[in-house]
Every structure is written in C-alpha cells, then in structure tokens.
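First chain written, first letter: the chains are A, B and C, and each begins at residue 1.
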Amino acid sequence: MTEPLVRVENLTKHFPIRKGMLIERVVGAVQAVDNISFTINRGETLGMVGESGCGKTTAGRTLLGLYPATSGKTIIDGHSVYEARGSELMKVRRKAQMIFQDPYASLNPRWTVNSIVSEPLRVHNLINTRKERDERVKELLELVGLNARHINRFPHEFSGGQRQRIGIARALASEPLFVVCDEPISALDVSIQAQVVNLLEKLQDQLGLTYLFVAHDLSMVRHICDRVAVMYLGVMVELAERDELYENPLHPYTKALLSAVPVPDPRKERERKRVILSGDVPSPINPPSGCRFHPRCPVAVERCKAEVPEWREVRPGHHVACHLVEK
Amino acid sequence: MSTPVQASNQPATMIAEIEAPPLSLGDLTWRRFKRHKMAIAGLVVLILLVIYSFGGAFFVTEKYANFTNTKERLQPPSAAHPFGTDTIGRDLLARTIYGGQISIIIGITAAFVEVMVGILIGALAGYFGGKVDAILMRFTEAMLNLPQLLLLIVMAKFFSSDIKNIDIFGREFSGSVVVIIFIIGLTSWPYLARIVRAEFLSIKEREFILAARATGTPTWEIIFKHILPNSIAPIVVSATLGVAGAISLEAYVSFLGLGVRAPTATWGNMLENAYRYIESAYWMWLFPGLFIVLIVLSINFLGDGLRDALDPRSRTV
Amino acid sequence: MKTDHKFLEVKNLKTQFNTPEGTVYAVNGVTFNLSEGETLAVVGESGCGKSVTMMSIMRLIQIPPGKIVGGEVIYRDNDLLQLSEEAMEQIRGREIAMIFQDPMTSLNPVLTVGRQLTETLRTHTPMTPEQCRERAQNLLELVGIPDAKKRLDNYPHQFSGGMRQRVMIAMSLACTPSLLIADEPTTALDVTIQAQIIELVKELKKSVGMAMIWITHDLGVVAGLADRVLVMYAGYVVEEALVDELYENTLHPYTLALLQALPRADRRRDQSLKSIKGSPPNLLVEPRGCPFAPRCEFVQEKCITENPALLDIETNHKVACWVDVKTGALR
C-alpha cells in the first residue's frame, strides 16, 4: 500500500482569547479544530463538509501551516509541515497550494494578472528570465480557460468566475502535488460553478493533482469527491467513501445534514422524511462536554454527555465517532 | 463603455466573454478627482505658485534678491519694486520668489522625511503586531503627546548655535534649512505612522495576503510589494497635507526667529522681518503672508480632492 | 387557496437605473399573477432582476438613480405604482411584508428586539403597549425562539444568524400580512438552519394562510417550497409553471441548463456537470433578440433578431422561447 500523500495526525488548532490592556491574559480559547486525523491518497479528492463553526476552513489552513498548529502533525509528501524551516518549508509551499473562497479578496487588486500568476515562479526561482516567465504565465492562463491576451489586466476587470480561474492558475504555477480548495465555488453563480468544477476535474486528470475540497454544498461534494469527511464543531464525526456516506450515513449529525439538503425534485421533496435539528450550533469557545453533538442529537444517551466518542473504523474505509454505532 | 455582446450567425460558435469596462484604477481616480472643483482650483494655484517661485528665477537673480540698498529702504510698492522693499532696501518681489523656493523645498523634503519614517514605523507596528507594535505605538503616542511647536522651538534653539552655511548646486544656503527640514520631518511622522499602522492591520487580514503566504512569499515582500501599494491612498493624502503642514510650521518657527536664518529667505522669515512694521510697512508682511495662505489653502483643497478620489470605498465614478 | 390569480397582478413592470456607465435595464416587462395563499418562487442568478422586481412592487427602489418606467402592480384592485407614499406606508408592513437576506442589516442594532417588534405593532395597530408586548412575545414563540419573554430584551447581535432570521419573520408577521415577500432569506444560512426556517415558514403559511413570494437562486429550495415558479433572466421572465411541471417538463433552455448544471446529493454521479457557456448578460444594453441567445445551445437565427414574448405553451406553463427544446426546432 503506497504511502498517502497527506497524513494528518491529531491535529488541533485553538485560538487563544486574550483580555487586558497592558498585560494580556489568556482567558479562553476558540477550539476551532480538535484532534482530527485522516489521510489523503495521491490523485484522490477528499471532501470536507460541515456548517459554520465546524472548523473545516481552519483545518485546511492549519494543514498547510498557514496557521501554526496548537498540536498534532501534518506530513505532506514526506515533509513534516510544522517542523519544516527555511528551504524545506519552501518545498512544502511549492508542493502544497491553496485556492481561496472569495474571488474578490484573494487577488491583490493592485497587481496585474501577470504578477499574480507569476509570483510562485519568482518566489521559488522556478523560471529566472522575464520572457520565459511571461510565456509560462500565458500557458497557465490558457490552461484554466482564460485569454492569454489579458495578461496585463487587473483583477477588477474580470468577472467572479474568471478571477477564480486566475486564482487556480496561480495555485498551479508552482506545479504542486496537493491543492486545498477552500470553498472555491461558494461565491459564484450556479451556472459558473459548474464551469469551475469541471475545470478542476480536468486539471486533476491532466496534472495528477490531489485535492482537499472544503465545502458546505453537499450536492457538489458528492459530485466531485472520492471520499468525504464530515466536521462538526471542530471534530471529525464521520469519514467514508463517497457513495457509502451518502447512502449509509452512520452518524446522527450526518443523517440530519443529508436530510436537510434540498433536492431539485418536487416529488421527492414532498415525500421525504426530514430530520430537523433543534437549536443552533453551539459556540466553539465552550463546546459541550463529551460528544459535542449531544445537545442537539435526536438519539443521544447519558454516555454521550460524559464521554468523548472514539474515532473508529466501523466498516472498511468507514470511520465514525459515535457511541451508538456498533462495529 | 463595454462593447455589447455580438451574437454570431453560427449557433454553435462560442461567443466572446464580456469583459468589464476597461477603466483602470488610475482612470477611475482621475474621473473622481475631476469632480472636485476646489481641488482642481487648488492644483492650478499650486502649479502657478511653483512656476512663480522656480520660473521666476529666470527673470530675477538671487543676487538681486539679496542686493541691499539702504537708500531705498522701506519703499511701498512701486513700478520699480512691485512688492516694495524691506528694511535694508532689498526688493521684496525677488525675495518672495527665492523665499518661495526655499519654503516649497522645505515643505516637500520635510514631508518626505515624515513619510519615510511614518511608513517604516507604521508598517512594522501594523504587520508584526504584538510586542513590536506595543513598543512602537507607545513611542508614537509619546511623540504625539509632545506639542510639536514646543518641540520644534526647543530643537531649533538647541541647534541654533553654530550653523554654517552650506553649498548645494553652487548656491549658498544657511545650514538651518537642513536642520529645519529634519526637525519638522522627525516631529510630524506620528500622524502618518498611526494611519499606516491602521491600514496594515486591516489589509494583512485580507485573503490575498494569506494567498501570498501560502505561495511562500517572504515577509519583506509581503510588506512592501503587497500591503504597501494597497495603502497608498492615505499615504498620498497625508504626504500632500504634510507639505502644507511643513510650510506652515516653517513659517511659525521662522517667525519666532528660530527657523531659517539669514541670508536665506523664506516666506516665514520674511514675516519675522515685518514684525515691527505691521502698520507702517504693510507690504512687508502682506505679500509673503498672502503666499503662505495661498499655498497652504491650495494644498489643502488638493488634499481633500485626492482623499475623495482615492477612497476605495467610493464606488461611484 | 383561490386560484383566480387576482390577488396580485403585475403587468409589464419595467425598472431602470441611471448610472454613470449608462442605463441599466434591470426589469424589462415582467408580468405575473399571484393567488391568495399561493407560494410563488422567483428563481434566477445574480443580476437577473428578481430582487429589483420585488423592490419595485414594494416601491422601495431608490429614485434616483432608479426609476420605474412602466407597468402596473394591481394589489386588491389598487395600482401600487400610483399610490402616494403615505398610502404605500400603510400597505408596507401591514398588508405586504418583506424580509431580506441579511437580517443583521435589516434589524436596528441599537434597539432591542422587543422594542422593534412593539414599534411595528404600535404603528400599524391600535393596541396598548402592554398588549403589544404580549403579542411580541407570542410572535417570538410562534417562530420558535426559546425563552421568548427574556429574549424580548435582547439586542440583535445577541442572536445567531438563524435566530435573527426568525426574528425578522416574526416582525414581518406582526400585523398578519396577506403577502410575504422573502428575498433570499436563507441563502446566508447553514443548510440545517435553512431547513428549520423552511419548515417554520411552511407551518406558518398553513396557519396564517398568507401568500408568499420567495426569491432564491437555489432550485432545491424551490422544489420543496413553491406552488408555482417564475424563472428570470436578464430582467425578463423566461418561464413560468407549476412546480412539478417546471422540473419534469422543462421548456426553456435556460431553466434546462440550470437544472443540468446542478449536482445531486440524492443520486450517484453519472456524468460531468453541464455548464452554461459564456457569462451573465450585460444589463447596460437592451437586447435586440432573446437575452439568452449568446449562451443557448438551441439558438436559431430568429432568436438573435427577435425577443420572444412570454406565452402560454401548455396549461399553466408559460415560456418565452422560439424553440421546442424537445425537438430542437422552431415551434
């Protein structure tokens, strides 16, 4: 069995809350990500889903070392992200890239498309002459479906979908192995979402990329991902192969989440039995004890309040963190 | 105006994507600026004043400006001396020309010093935060709490003894010009530092900065190539208003006799010379005073216009 | 639910905006009817004119730069576009209520929720302050906010996003309106919260019996909520049908393309998503032909030169298109 490209072990990220003016004290922490472990195989697309406050975006950023981890390990292609320094860290940055959610905020408004897309080339000293860099930028723009003539334009001259493509071109410039896609289509119109998703798939086939696809749109995740992980309040509650998760969800939260997704089929919508959760997602500053889902869980028992459920592989390739799921 | 969509005659052909109107950021800014009548007026007056001071040198030599002729002292405005003469018979028109050069140069270079220091301190405090920010900001606040004028006066007195004349471009200046430039620059930067810090604090949280970090871009590049160009607007406005501020400050300090020394003229020290002759020889203070008012006002209007034109929140064109 | 469609009749509504870049043709002759108690969904992507249409009906468009240049909005035999501002204020909030996408900006952050609710009630009803407060509490309970009595004294920022939207719904229901217009009320909410809000709205509709216009871009939400659907593109209505009809017998190429671009959470993946080529339309230009022609896979010569009108093609199913999507030929 080949070594997975990405291995995450017990990753935890807490953001300390400080109070005080002259001398700051740490009074608490936002427990954004708590002890998650998973792997991603080469060429695979792992989806990470969950609602606001579940920690999926924080997980993606911490995984790449953009936020320092509070504890835990991430190994990308053999490199330990949190221990890498200097040139090794630069290697990590080359091999692992990110595509961002907001096409309007993720590009420097004062830079031309050329500067934006060629930045990885310059920073990693991949191409040293101006002329060759420009050529490569044009190639990348064409690769993502943009017109190479626009190389000297500014971001505000493009539409949202086009800007997202610029972001993709930038991420691909350093020829990465692994790309974290942080909600890359949420800010786009439905008809443009399909364009961008098709592009991401085409590029994955062409370039042999591995993706972590962070999203909240469960329909899109089912379409594009091979395996899916479900996050709730900083904890990973279920991880399974795609169709297995959608057809046989085991965790009560996953079941509620899937039943809440509207389906564009009026007859089905009328006939469906919905699991409606009560209340709101609690704050990650003071998460509930034991299983973090227990206050809203329709089938919770005493044990759920007292004990944190173990992350277990209950079926081949199907992990769950729930006391009520038998092996 | 963007071109409308052209539908092809071939149903299956791909139609070109519509692109946003090709207005660059510079065009947008210029369009917004043009709407400010007062700012345009300010710009025009400023240009005229600069032409007066620097172009006037082609018509009147510096020697003439410093030419003393006690027989013609305290003459009111006449054909020979359109702005009159001063206490030792020097032509005031010529002195306003050369005085203007020095005042303007002081204004610009002092603003330059202010901008450099302000950006450096503000950028480091804003980007690094934490202890660096705390230390730099306490220092900045301390500077802000000291009354600038008092500081200027104290520093001017401190450096007052022993100022030699210096030689640049074959012209002789009192060394006090350089001293004043640095003093003004080094006491004016706190305002700009706070603004720059605020800009850095907010811009560094934006997603394209995170993207630059994800790319592996080194810190200094992030500060100077990514964040700084995006905070240009308040810096430009501050620098512009800083020029006016520096000119005013120079006038204050020179009026108190602590600024630029003879023989170099500035509009400020011309006012000082007029001190005892306020009623008897109004032309000695009227003309330099008028020039000071004009330049400060015009720069302020210009700065207002720039501020509105460069405001990224203004979505209107 | 009466199906005489006479409750609200919008006829040929046209709204434009004057911008420095030119005139924006936001709404170009929108016509539709609504029956009492019916739920109409208005679907389209950003810029299609769905919000502007509703804002025009409510006379909430900023004039200038906006301008309602034509059409009629007949609500219970009165043309809303001809009413005075005072008369409109009587209708807004009391007969027709509107809720928006971002409750944080619709609620006054410096007033307590209770105060905002009672204010609405004081303005539109003759109740005493005590009665108003009691009614406000009932409303919060009605929309499922726990601890309603205490929560009356909370400020908007003390509620979560989903709760704030419930407060907005409570406020809109305060005077038992006959029509609720909801502009993307759940778009910014998490999917489980969205499900809660939709359940709530469905129940309230049953008990209060009001009509509803629900604006969204989400065809999944539409399927679960609407009786009838209006599909908009570039300021035009391109298709109008009963909800089952729209999904099972789609007649307009744009609606078809939207449905084919949607991934499904309830089915195994069978093929790539069909994307719609090109980009959204430029509203600065009044289109000569069909506004969707540049992106349509069924486009014909006629489509480029003539803009099709919205016509009854089948029972209760209107389409603005020259082409029969089942055959690919002109009708």
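The working rule: contacts are C-beta pairs under 8 Å (C-beta built on N, C-alpha and C of every residue); 3 or more make two chains touch, one makes a residue touch a chain.
As the structure is a prediction and not an experimental result, all values here were calculated from the model.
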| item | value |
| --- | --- |
| Reference chain C; chain at largest CA-centroid distance | B |
| Central chain (by mean CA position) | A |
| Approximate Å spacing (C-alpha centroids) for the pair chain A, chain B | 48 |
| Centroid spacing, where centroids are CA-atom means, of chain B and chain C in whole angstrom | 53 |
| Chain centre separation (chain A, chain C; CA means) in Å | 32 |
| Multi-chain contact residues (two or more partners), chain C | 279 |
| Residue numbers of chain B (touch at least two other chains) | 17 |
| Chain A residues counted as touching two or more neighbouring chains | 159, 162 |
| Chain A residues touching chain B - in the complex, by the definition given at the top | 61, 64, 66, 89-90, 93-94, 97-98, 100-102, 105-111, 119-120, 123-124, 147, 150, 154, 156-159, 162, 167, 170, 174 |
| Contact footprint of chain A on chain C as seen in their complex | 45-46, 146, 160-163, 190-196, 198-199, 217-224, 243-244, 247, 257-259, 261-266, 268-269, 272-276, 279-280 |
| Residues of chain B that touch chain A when the two form their complex | 17, 19-20, 22, 24-25, 206-208, 210-218, 221, 226, 229-230 |
| For the chain A and chain C complex, residues of the former touching the latter | 51-52, 159, 161-162, 189-195, 197-198, 201, 216-220, 222-224, 243, 246, 256-270, 274, 276-281 |
